[in-house]
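To start, I am sharing the structure in question, which I have written as structure tokens.
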Amino acid sequence: MELSNPNCQLNCIVQFDDFDIATEYAKLQLTPHCGAVVLFSGLVRQQFDGCLQGLELEHYPGMTELAMLKIAKQASLKFEIGAITAIHRVGILLPHDQIVLVGVAAPHRKDAFAACEFMMDFLKNEVPIWKKSHFYHQGSSQSAWVETKQSDVNAKDRWHGKITR
Amino acid sequence: MELSNPNCQLNCIVQFDDFDIATEYAKLQLTPHCGAVVLFSGLVRQQFDGCLQGLELEHYPGMTELAMLKIAKQASLKFEIGAITAIHRVGILLPHDQIVLVGVAAPHRKDAFAACEFMMDFLKNEVPIWKKSHFYHQGSSQSAWVETKQSDVNAKDRWHGKITR
Amino acid sequence: MQNNVRILFFASLREAVGFSEMHFPLTEPCSAKELQIAITKLDKLDKADIANRDLLVAINQQLASWDSQVTPGDEIAFFPPVTGG
Amino acid sequence: MQNNVRILFFASLREAVGFSEMHFPLTEPCSAKELQIAITKLDKLDKADIANRDLLVAINQQLASWDSQVTPGDEIAFFPPVTGG
């Protein structure tokens, strides 16, 4: 069991349903002693020259929640923050749909930005979720698993050596 | 007149009224080719051992809008982003009230985070807005102009030499 | 005492294997790498080419290294690099 | 042709000065620093101690350096370091 900062509220969820950013923001806004809220929303980006039909997200039930919470606990120890909300959707998503939300409330903006980026960099590399693209190509429906990007690995690696566990 | 990226939508506003983060997010979410939205919200933080009554924000009408737009234009050239929304409130604000919103939509999260942080670091140093704290102290109402923080100057200075003008 | 492990496959590996879950007999602890090599030899996993894939392994729902110990009763998952977020 | 400049004060400087706006006669261009020194000598700005404050200057609503040129007709603003955001 990882340690976490008991003064930081952690809220990690995996769900099929869409989420409402205003509802999550309203909760973060009330975090005691916080002057900064940073929200990241990841959307299904139109690709394949506009021929993307949707993304299918598969995950490892049970481990996904544990992996998200583990990253949030690390963030709560590494940064001076008061609350983290992380919601990841799975299932079939359409272009422009919301995929993931990470929200952080902190006394000051530097920690709020850093913790939110830290959460995303590790979510991309250590949470067991996989995306499959469904798209039209030359008149037929095709699909392909999304490949890992080296830029995402690099984004995670820049935090190494600085992580408080 | 500064140059800007014509493919980036810039929306900079100074107002007394509160803003609605969900409304601003909904506009950013529709930005073409964008997979990432980062929102920063600055709130009136409780201080003075809970005795802060409110903040009074004074600004330089005319120049404030120009200064915000100038920073947004620089961000549009420096980062690969599709839209920036910046709203700064002035007047009397109470604890937990929203002060400032910066939202950025971009194809990828790295640029969205960087542009949002860049906007805030320069807003803190180059936009003519001043805060005065009103608080209770030993039974009486007092007020004091907020002092510039060296950490805010440092946050801006780290971008120097990297700015495309 | 348990004498097998539960093995899970996800995403492109699950598709290559053709199913998502199996049990494998194990009476003594071994490393995750040894378990991977052992199942690669199974006839029913012949086409999945497990040995030549870039895979990650989780033991009891925690990311693990290939020399981590697998114990009878554990839940082991093999999967390709993740692409969530 | 204009023969003065409009000068604005904000925040703690405005409070120290006691008013937010004035006009000052100027027929020839000068630097922002020279203008600051010139108004410091005015009786009505005596108590504001303008010379010894950490101030910024804007010319026609753009942040400027102290050696920037001020021209008759310009709008000049003096103010303390900003604290918005």
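As written, the chain order gives the labels A, B, C and D, with residue 1 at the start of each chain.
Note that a contact is a pair of C-beta atoms (placed from the backbone, for glycine too) under 8 Å apart; a residue touches a chain by one contact, two chains touch by 3 or more.
This one's a predicted model, so the numbers in the text were calculated from it and none came from an experiment.
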Chain groups still in contact once chain A is set aside, others held in place: B, D | C
Mean-CA-position distance for chain D and chain B (Å): 26
Whole-Å gap between the CA centroids of chain A and chain D: 49
Where chain A touches two or more other chains at once, by residue number: 42, 120
Interface hub residues of chain D, defined as touching at least two other chains: none
Chain contact topology (line, ring, star, complete or other): line
Every chain pair meeting the contact rule: A-B, A-C, B-D
Interface residues, chain A side, partner chain C - complex: 42, 57-60, 62-63, 66-67, 88, 99-100, 120, 123-132, 145-148, 152
Sites on chain D touched by chain B in the complex: 8, 10-12, 14, 58, 61-63, 77, 79-85
Footprint of chain B on chain A - complex, ascending: 20-22, 25, 29-30, 32-46, 96, 98, 107, 109-110, 112-113, 116-117, 120, 151, 155
